[in-house]
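Just below sit the structures, each encoded as structure tokens.
Each of the next two complexes has subunit A plus one other chain: subunit B in the first, subunit C in the second.
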Partner chain A sequence: MSLLWVDKYRPKDLSSLDYHTQQAKELKNLVANSDFPHLLLYGPSGAGKKTRIMCILRELFGPGVERLKTETVTVTTPSNKKIEITTVNSNYHIEINPSDVGIYDRVVVMDLIKNIAQTQHIGSTNNQRNFKVVLLTEVDNLTKDAQHALRRTMEKYSTNCRLILCVTSLSPVIPAVQSRCLLIRVSAPSIPEISKILQVTCKKEDLTISPALAEKIAKTVNGNLRRALLICEACKVENKNLTTDREVPEPDWKKFIEKTANLITHKQSIDNLMTVREHLYELLTNGIPPEIILKELLIGLLLKCDKQIIPQVVRDAALYEHRMTQGNKHIVHLEAFVTKFMCIYQEHLSSLMEGF
Partner chain B sequence: MDSFLKSGKLGDTASSKSSTSGISKKKDKKLQWVEKYRPRTVEDVVEQKEVVALLQECILGADLPNLLFYGPPGTGKTSTILAAARQLFGDIYKDRILELNASDDRGIQVIREKIKTYAQLSVASSRADGKACPALKIVILDEADAMTDAAQTALRRTMEKEAKTTRFCLLCNYVSRIIEPLTSRCTKFRFKPLNQSFVLERLQLICTKEDVLVDDDVLNILVKESGGDLRRAITALQSCAHLKGKGNKIALENVYDVLTVVPSDWITNFFNLCKNESDINEIIRFINDLEQQAYPCHKIFEQLNDLLIEAEISEPLKAEIGEYLAESSFRSSCSRSDFTHLLDFAVHVQEILTVPVEHRKAKAEKIARSTMINGIA
Partner chain C sequence: MSFQKWKSFDFGETTTGTESISVQKKCNTIKPKKRVVKSREIPSQLKQISFDFFKEIVPQSTSELVVHSKKLQELEGWLKTVTEQYQYDKKTEFLLLTGPTGSGKSSAIQVLCKSLNIEIAEWINPVDIDFDLLKQDSQISMFIEFFNDAKYCSLFNKEGGRKVIIVKDFPNAFLRNPEEFSEVLEQIAFTATHPVLFICTDSNNEANLQRLLFPDETLIKYSITHMSFNICAPTLLKKSLKRVTGILEAHPNLFEKPSVDLIDLIVNSSMGDIRCAMNQLFLSSLIKNENQLSEESSKQITSKRKRTHSSQAIKNMTRDQVLGLFHGLGKVLNPKRIDQGNSWRLNCDMEKLVDEFSIQPSKFTSFLYENYLKYFGNLNDVKNASEILSFSTRLLDNWENHHVLVMALWIAVLGVMVTNEHRVSKWNQIRGPKKICNKQLSMDQASRLHATDRYYYYLITKSNDHHQFNCNF
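Right, the complex of A and B next:
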């Protein structure tokens, strides 16, 4: 089998981007200038941040950036611990996901940047840029320590090294780093935009999708274009007739969270709490981010709550979400929230009984 | 680093004639404007009068104390000390300063050894050009608030022992993260967010130098929205200019976009939704949409606050909402998902405005009591 649609039809340059075209035009202007700033792209996942970044890189350096190779780099920490990290690089840029190395991200990021900054970058003849790009993804997970380290580094090495940072939420990025970047907002595509892209993609595959089905898919994905394409392709694999009456499957984890919410409102007991814990573990080990679990769980629970207890429940959710960002054992806080919810819920039920 | 400091002079004629082909031999043409317009002398530093006055005294020969600069980003801390060092030591200034920032390893070991060895080097009291200069070295600890307490403690002793030959300059955003024994060893200067008129003046100067086309009122909004952070203002100006391309006027939308201002419609709609007795599903849907637009949460809260102050709500309730806003905004400050916090704020505003205060009090007390006594069965 060949590539997935998401990769196969990924736009390659700024002028072929399907939505936010005005922004794409302006980015083109930006690249045309000789002084290119550090960039910070933010937006929900699946909104096309990475695609945009690759387009910018191509615009900067030409098609050479698409010749990618993966490499494993070993960095030694001051305490003589050896850390391995996988990088994806071309001749012009290097991409890493610093959250792969946890608390050692500062050492790794600094090592890479200093390496690049020290080797004067004189690329091939058609390369007019005298800098290399370091692309950091998932900067929301970058420790504060590493972010502080970026501050002066971004100023000092700005002659031959540029940073492109990519985050889903700006909140965890310290103001000092924000102040050093050009912030680019990448909002999620709208439902009509998504359904149009689905239709165009199907056409390229010699398929016809009914506009109503395209819209149905677009509505379920919450602005996540990647997911829309994946669902659409999955539908096609099942059956080539993409007609209006086709079912659009919900992702498994979403169903699972819904089930968990049902379980919680069904019975409030220690035993049940143990089962919920297993569910939470299962979600976490499947790589669902804890903040998403909390959010979806909260929505699921709120739909079953009496109006009177809603403020209290949401307040506790916010409280535990905040604590979750402070600690690094997510399960504890998720479970604490569930327990708290059970208390509130049960208390409310029994106060209703008293009324009778 | 030398190159950008040299070209940081404001009188520099090098205007960035950006050629699309991009091959300009001179390096400084590719400089970011923030670096290009970094103050070269302490006189160039705007707003921070006290520290400028003190440093000018020192340049004329007075004794230099240990320094601690603190204040929000982009107010000139790093620039000031680098400019002062240049003026004190002239061309050899690089040998006379040791710059350590958060990107360097600054554990206790480094403080003890690297700084100690450096401090013990002896230096002459004249510059390369023959002029006299203090026989001192300066250790600049940038981003000092990112240092651990242990490292700070280690620094205490070093600072005293090397007082004859070395001065320390600590730069940080939050002075509260510096331990008391260190702050008491330094002369402290607060770097204020820059006054709007200074920022405006600076930007106007850059506009003429770089041929930026912009209307006065747009520039004023840019100044206002960058909140006294000159670096942010300059970066925003440069970004707008480049996004628009040469010869085009900067539009208001560009300014709003690079400074992440949320369109006021979203904010008023959000607030109205909270004020009315909207259904929880409606609120959830709205916040979901808001999240997809990717507007940053702290900005939403900031703008909600402005709206709240103007809103027609009785003062006590306004105060209550304000307090909750502060709490939510704090909790969301490191969060990876803004949804919960926005929802939290929304349902609480709703509660504050719809449920009479006595009821809420009684309920809160009941909750506090019951959850303490009854666990889950």
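Right, the complex of A and C next:
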């Protein structure tokens, strides 16, 4: 199957990056030196963190890093439970998402990285790097335990192993880990940048996209370049004429949340609440992150709200979002928010009725 | 009261010189015909009676056991295969037998082994520690030594080589240090002794042996077969009580024949505990106890035969009621209130309820969460309850400290009970908590994309082979 545009036109080295060119130059200088610290890249999703990391790796080790293979590694926990984790690795680096294994992430962080770090890298001919790179994604989902374990690993094995961490939000990362890394912010591209990239990409595909449509797509994606490219490709699959009047497709889960918000404002009852719960379960089982569900739901609800109750609703949303980030049973908090909203809304409606 | 007498009472059997010696040796190979029903409190006058009730009623054949016949077959099959296997395959086989107290675990084994001609060696914790002993090895090394000794069969055994080792008393050093137990297991597994049977009682408190010593990993690692007994079925219990009544009738000078109602009463109140049932039967059929029990009980039974009443009737002997999960949920979801003037209070023994489920607070709260909506009649109540549940869940995520978890359980239980002011009382099916597991996609392009972006991927590839949200409602 042909590659997606996202993968096909992903910049391969630091000099061909489309935006943040100044930062790219700095990164190049950093890598050119024989030594470089652990890195922590942070920024919203779809901003190009992963692209930059791959560019850095290519800069370090040459095109060999692009020969990737997936592997399943088994790690044994102290209680003799065997857990499996999928890694993507080349000869020079290994990519792990430790949060895949839930509460056992600490074992993965300790054992797996230790194993990699302890084996000395047998130097190949074309480069003199004597370290391997461990790329950890979604570090912000790691438990605190694992992060503390990571801190020790970073110190102990810094001679023959470099860590590159990739996070969307910096706040869940403990300060001890932050201070051991060079922080690199990859901010989201601006709307003109995205629309320019869309146009360039379409040109490479022998298509013409109207600048207005490119901008329209760029506006909807909220700085997520990956999504912009996916939307653009989805439009192309539907019809090759990328004219201004084309509709930008909206994902079904977004519509689903919107409908759910309508349902909440339409009727406030316990039966309705049970339907909402089913919907929330459906969203969660399909992997939509709870934070995004709450955010979209709030946006949908606020559209229907009177100005008077908006502050109260937002305050409650913030409270439950906070609780959600702390724990792992998200559905309870989501439902608590929905019930709270229903009550506020109902109360407001009845007070309006009294006014008449 | 002489010392000798006390001793003879405690061991159930006639005290002989050999017995006391074997106790001092700590690990004695007992005959299969040992006491099973342990006597608890027997009035002092009974000591003069030459008739040993609890020895008489020990089941002698499989038909007299209170265990379900299918379970019994299962256990018999295991015993047969492992003792035969042992002849050529020198690998230690393990069996873990669990069940509530008085479900007939031990007696089932004793009877089966007797019928299959299998010798039994049982580990008994050393009781009396004298000064010599303090200088000796620790309990654990004695435990291991016991296994080494148990390798050898009795010279008098004609069948030869058929033997099982039973561990019912676990050395208490293991309770403090469960890791040590798995080390010992490791040793035993490789020294190829006779098949080993562990007997554990189910209990809900923190000292749950099965949970402590036999976590799932251990069961898998040493391929331990696990069998669990249920509480005695009322029919079997009744049958067994009737059998014992027959024995009692042979001694008309000591016992009077218990009425049918009384047996029903005992069956109801003993909560499926055969030992408890036997004790009750024994006490209530003693001639001297008539005025205390039979009259009172027979009066009550004729009018109502509910469990609550029966427990009043023979209050002094009944077992504590054990709450099942669903029973507990029902109590929380259908709170009963007692009005007291302007105020009210909940008609429920909260302390006991929470205590019962304090082993797995998160399980109980997730059950509560899954089901509470259907029992509420007012949205405002739901608001308060969901707020409290959300708070409790927040506390539950802090799983390092068990006390916090119990606290969270208290909050959830009380919250749901107190806020439910407009109760909907109708029958609802209890649903189990939903597990949210992200569907593991194969390592293709779709799974590399974020879940929120997958929709576009499916648009591009024009595939319909994925979950679609139905937006038409």
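By our rule, the second predicted complex is superposed on the first by the 355 of 356 C-alpha atoms of A that agree within 3 Å, B and C clash if a C-alpha of one lies under 4 Å from a C-alpha of the other, contacts with A are read in each partner's own complex, and residues count from 1 in each chain.
The definition used in the following text is that a residue touches a chain if its C-beta (ideal position, glycine included) is under 8 Å from a C-beta of that chain, and two chains touch if they have at least 3 such contacts.
These numbers were taken from a predicted model, which means no experiment stands behind them.
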item: Which of subunit B and subunit C A:191 touches, first, second, both or neither; value: neither
item: Subunit C versus subunit B, contacts on subunit A by residue; value: B
item: Touched partner set for A:158, first subunit B, second subunit C, both or neither; value: first
item: Which superposed partner A:44 touches (first subunit B, second subunit C, both, neither); value: first
item: Partner chain in contact with A:73 - subunit B first, subunit C second, else both or neither; value: neither
item: Partner chain(s) touched by A:248 [first = subunit B, second = subunit C, both, neither]; value: neither
item: Which of subunit B and subunit C A:270 touches, first, second, both or neither; value: both
item: Partner chain in contact with A:329 - subunit B first, subunit C second, else both or neither; value: second
item: Partner chain in contact with A:286 - subunit B first, subunit C second, else both or neither; value: second
item: Touching partner for A:339 - first (subunit B), second (subunit C), both, neither; value: both
item: Touching both subunit B and subunit C, residues of subunit A; value: 268-270, 273, 289, 292, 326, 339-340, 342-343, 346
item: Residues of subunit A that touch subunit B when the two form their complex; value: 26-27, 29-30, 32-35, 37, 42-44, 47, 78, 106, 110, 128-131, 140, 144-145, 148-153, 155-156, 158-159, 168-172, 175-176, 178-183, 185-188, 222-223, 268-270, 273, 289, 291-292, 294-295, 298-299, 302-303, 307, 310-312, 314-315, 317-319, 321-322, 325-326, 339-340, 342-344, 346-347
item: Subunit C-touching residues of subunit A, taken from the complex the two chains share; value: 1, 4, 7, 45, 70, 79-81, 86, 226-227, 230-231, 233-234, 237-238, 249, 251-253, 255-256, 259, 263, 268-270, 273-275, 277, 281-289, 292, 320, 323, 326-329, 331-333, 335-336, 339-340, 342-343, 346
item: Residues on subunit C engaged by subunit A in the complex (per definition of touch); value: 215, 217-218, 221, 366, 369, 373-374, 376-377, 379-380, 382-383, 386-387, 389-391, 393-394, 396-397, 434, 436-439, 443, 445, 449-457, 459-462, 467-471, 473
item: In the complex, subunit B residues that touch subunit A; value: 1, 3-4, 16, 18-24, 27, 29-35, 72-74, 78, 99, 101-103, 105, 107, 142-143, 145-146, 173, 229, 231-232, 235, 238-239, 242-245, 254, 257-260, 280-281, 284, 288, 291-298, 328, 331-341, 343-344, 347-348, 350-351, 367, 370-371, 374-377
